[in-house]
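Every chain is named by a letter (A, B, C and D) in the order it is written, and numbering of its residues begins at 1.
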Amino acid sequence: MIITLKKDAPKGEVEKLIGGIEAKGLSTNLIEGASYNVFGVVGDTTILDEKVIAANPVVDNVVRVAAPYKKANRVFHPADSVIHVGGIPVGGQEDVVVIGGPCSVETEEGLLEIAEGVRDAGGHMLRGGAYKPRTSPYAFQGQGSVGIQWMAEARQRYGLPIVSELMSVEKLEEFDQNVDLIQVGARNMQNFDLLKALGSIRKPVLLKRGLANTIEEWLMAAEYIMAGGNDNVILCERGIRTFEKYTRNTLDLSVVPIVKQKSHLPIIIDPSHATGDWRLVESMSLAAIAAGADGLIVEVHNNPECAWSDGSQSLKPDRFKTMIKKGRVIANVVGRGM
Amino acid sequence: MIITLKKDAPKGEVEKLIGGIEAKGLSTNLIEGASYNVFGVVGDTTILDEKVIAANPVVDNVVRVAAPYKKANRVFHPADSVIHVGGIPVGGQEDVVVIGGPCSVETEEGLLEIAEGVRDAGGHMLRGGAYKPRTSPYAFQGQGSVGIQWMAEARQRYGLPIVSELMSVEKLEEFDQNVDLIQVGARNMQNFDLLKALGSIRKPVLLKRGLANTIEEWLMAAEYIMAGGNDNVILCERGIRTFEKYTRNTLDLSVVPIVKQKSHLPIIIDPSHATGDWRLVESMSLAAIAAGADGLIVEVHNNPECAWSDGSQSLKPDRFKTMIKKGRVIANVVGRGM
Amino acid sequence: MIITLKKDAPKGEVEKLIGGIEAKGLSTNLIEGASYNVFGVVGDTTILDEKVIAANPVVDNVVRVAAPYKKANRVFHPADSVIHVGGIPVGGQEDVVVIGGPCSVETEEGLLEIAEGVRDAGGHMLRGGAYKPRTSPYAFQGQGSVGIQWMAEARQRYGLPIVSELMSVEKLEEFDQNVDLIQVGARNMQNFDLLKALGSIRKPVLLKRGLANTIEEWLMAAEYIMAGGNDNVILCERGIRTFEKYTRNTLDLSVVPIVKQKSHLPIIIDPSHATGDWRLVESMSLAAIAAGADGLIVEVHNNPECAWSDGSQSLKPDRFKTMIKKGRVIANVVGRGM
Amino acid sequence: MIITLKKDAPKGEVEKLIGGIEAKGLSTNLIEGASYNVFGVVGDTTILDEKVIAANPVVDNVVRVAAPYKKANRVFHPADSVIHVGGIPVGGQEDVVVIGGPCSVETEEGLLEIAEGVRDAGGHMLRGGAYKPRTSPYAFQGQGSVGIQWMAEARQRYGLPIVSELMSVEKLEEFDQNVDLIQVGARNMQNFDLLKALGSIRKPVLLKRGLANTIEEWLMAAEYIMAGGNDNVILCERGIRTFEKYTRNTLDLSVVPIVKQKSHLPIIIDPSHATGDWRLVESMSLAAIAAGADGLIVEVHNNPECAWSDGSQSLKPDRFKTMIKKGRVIANVVGRGM
């Protein structure tokens, strides 16, 4: 951590500040500059709160050199983490995984039909929302518990591990017992109570990036789960909010190589929510694989124009199949199976 | 709602779409254009999901004319809402209210001292976080229930209604019984389970705008609470996330007149979180009053450089007092007391 | 164009507005709604200025249905445009082109060495800045005319058409005579005088997207050049400005399929400026090809750590070669050569 | 400047890097950390290019401590600059100035009428665009030279200095001879050739902030003009681009106190372009004055619904007058006249 001091800072105040930091077991080192003095802090700086230091009137500004996350940090965990979801490995040099399924679970019959399509197309897991975070209180809010049961039924029939979104701590046990990969949605990425609860179980968590969260905040959210003892975190980019209006969100594919530099956790891409438009899903899926993603999560529906939510971003099963076929060749170019 | 159709859309498909909409009791009206056909939908369009319509292959795009919120909408509720918090009216032509206090409650003694400072400076309510949403799992997470008790103690001694942030549904009863104005933080603005729970009580809610949420999404979040039957919602702008790096967030003061056009709910401003820098708080507070805000929520601390969180954005009580004094004159210019 | 009127708008005022629009040869069509009246305008609405209409006190809001660009619009020009640059076709089903070279031309010898590396790696054109838009007035501003001459020398020796950035109208003739593809930088995307000047020549123009410009504004900038009679426009995405701090900009690859929907113009990707980090360039290049881009423009330097500008984003020639080799396989997957 | 080195960086490479920096007359200072080594660079670091240093493979990252601007920097020029425009002082403790007038000059008669309204309302200068940067090539592009003559005529009749936007270097002389305050528009904020040309004259320049430019880039643009010898720069905030859709741009009023911390230059606010909606102009004008702005530039038109551009954001003269009246009281609260 680098602390810049005002040139005219009273010596006594500076000494008090340095003393406080050294009392925590860190060491410091002063550099005198022309317009500023700067001192470096060496040691485990994650225990310092930079906002508290910045509040000191002698301080001009504070910069972290080391990232504030530890367990998610590649520096302290150089090998890729491989997370197993219902027996399927995700990350490292493992095959690129493809998760397909409807935005929300609507009917048992419809779900089973889609699940069959996902399996036949070569998909590896089934997604489906039973509890839905909807912008409007008047929109369909999901089937709830029965939806989870239909998902479990689909898993049994088609052998696909299931992925679903958890919205509240109350349902933790239901998800821990029934779901193979528990999704934290973008809007809950900084719902810290939910993250802490997920740290207390051992089921894998699919942590979506918040609409306007930095990569650092995203890794800190992973850290919350890992700090509780659950190391099974898979990251998922689903587009960020920008000024552009022709897409719902802006898919940020450069996060793939960056996350792989900064962290050992697997990262997958959701091209459906990122773009909001099924016509963009294939090209963004292929781009994601080329960028080195560990997997894809794609909305698939037999009848998108009748879907109860987000039909406009769903692929029909045959288009999903075509995408997987092309994707395999690209995965090979970047040294992966699929 | 205006639906644009592709010029070459098969007639049968278009009729099916129109039929489906009319079956819901809405009426439609077709306009033929040169490159597109357009049809307008008249009636209560909040029951339609535009994403489902947009998924139809004959549809080019969908635009809402009427806003998707009803209870929060000024069109259906032309008079200003005035919300009473512990006896203090907020909104309409009532006096501008000033809420002051520490970011987090640290010790009982410290809190009481600050509360006294807030009251003496002319503040109307006391803020203080007992449960803290912190980016890092290693940072101070708040005093919890005992913090709420200290807040209640401060209320009794200094006669200030208290404001505190609720982070999870589990603590709803604790807050409903003890807190006068329950804050929903920016990171939880779209924690829909929390919003629904707050709809079931009648205590006033202070709903902060999410870091990257549009005004429309913010009013939809208010709608969630109001749809449950709790009309006591006060909105709070606390800065949005932009590309600028010299401030923590960008305070968007134009929301004040816009919210007042679109909605009847009161709106207050949090200049402390918006800027992250106490040196900017006074000027942004005065600007907020000039813009027509119904109140301010400002961080106040006796000893910012020793605050356990966010000290860098806290005013000392004497500066808080100066701000209030200047603010009163500005309030008068815009026709308000303070 | 859809114009929403206030419900209580005086009839006379509405008739005046409609009359004015119809006097321009457009026809209108009124739909009465519950809270609003709406009317549609049919005909060539590019001649209307929506801001002028929106200023009318009876108008609540104005929405364009048809895009405001014509010459760049695929609706009016369904076939892909193929632009020829020094004999090399760009766009449509032609091979993916790769442009390589230094950010700025530094010395004649250095440039020739890099040009040889670009050619040997399989690159098709040479890029190099002679006039440099630098954020700081104290930074290296480019070699100017002599740099253009060195570029021309490199073209002659290695048979690579040359690409360079034009910053001012004064140098138009120099560029028209010497450069094969004239680049408009992101910062000048809305320098309308420069765009108009480029409309008066017939040399191909590489139009970079502005840091914070929407796709619509970008296509309108292309329209400026095309309105002058120069149809030879190639679009180039180079990252947009967002809140994320781990990359210089956020590369928006979804623009590739969107631009191909909306326009017939070719689009290429600049992964070097988008990311600002050479370690991300290969993966973003491959992703761009997978997304369907018509080409790449990549910074290549023999000695990035000694480059006079933007060394941190330059590939060494051998890495550039590896990228091209992998890229070819991906191009084949999406039906292209390279 | 603080340079973070990879822990495993080869000693020889580090020494070469340090040697190169010290050869430029700067001194360095190494701090060894647990996971990184860091060294500080002391001296005039504006001569270093951080991107070149960051390109060095031993470097992890580079942070500037001192701002990269000098002439615009308050550290080196502690006293407020007061810029005189046609005899009217702007900045420091001088009165808040109000500039009013149409977006574009349309007819001589109309302009004179508006000018009279501006003067009668208490405005101090007249704005009016003769050359217009329009997003569409098909929109009205301005009256050109004759517009400048009409402005000069209005100045003579009503005694108001005139402000107009320069779009190209070719017209520099025309503006230097006829215009009192030469505006650089947001889209040209980084048109470096234009900035350099303005550095060669001595007329005051009104430098608008780019739509997506940081405060640092804005001050660097001012530095371009000042580096050429023209110290007469007035900054103008006109809203930045964000995700919000209910306003055209987001007015960032916190720039006022920040610019005053970082720089000695005056700063004024343009609430008309920031919001794009005349109904928001008064409240944002008053907020700007409360925030400490040195002036306002407001669109005024007699007949906004017939304005040839941007009518929707123009005030009628009587509303402009009301705003000035209220503004005066607020100016007094913050210690200024108006």
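Descriptive notes on the structure:
Following the convention adopted for this analysis, contacts are C-beta pairs under 8 Å (C-beta built on N, C-alpha and C of every residue); 3 or more make two chains touch, one makes a residue touch a chain.
In this text, all values refer to a predicted model and were calculated from it rather than measured experimentally.
For the pairs C-D and B-C, the count of C-beta pairs in contact is higher at C-D. Among the other chains, D has the CA centre that is most remote from the centre of subunit A. Centre-to-centre, using mean CA coordinates, subunit B is 31 Å away from subunit D. One simple way to say how far apart two chains are is to compare their mean CA positions; for subunit B and subunit C this gives 39 Å. Averaged C-alpha coordinates give centres for subunit C and subunit D that are 26 Å from one another.
Shown for subunit A are the residues that touch two or more other chains, namely 212, 241-243, 245. Subunit C contributes residues 2, 4, 29, 31-36, 38, 40, 42-44, 61, 63, 65-66, 75, 212, 241-243, 245 to its touches with subunit B in the complex. Those residues of subunit B that touch subunit D in the complex are listed here as 212, 214-216, 240, 242-247, 250-254, 256-258, 261-262, 274-275, 279-280, 283-284, 286-292, 326, 329-330, 332-334. In the complex of the two chains, the subunit C residues touching subunit D come out as 46-47, 49, 51-52, 54-57, 68, 133-140, 167-170, 187-188, 190-193, 196, 210-212, 217, 220, 223-224, 227-228, 241, 276, 278, 304-314.
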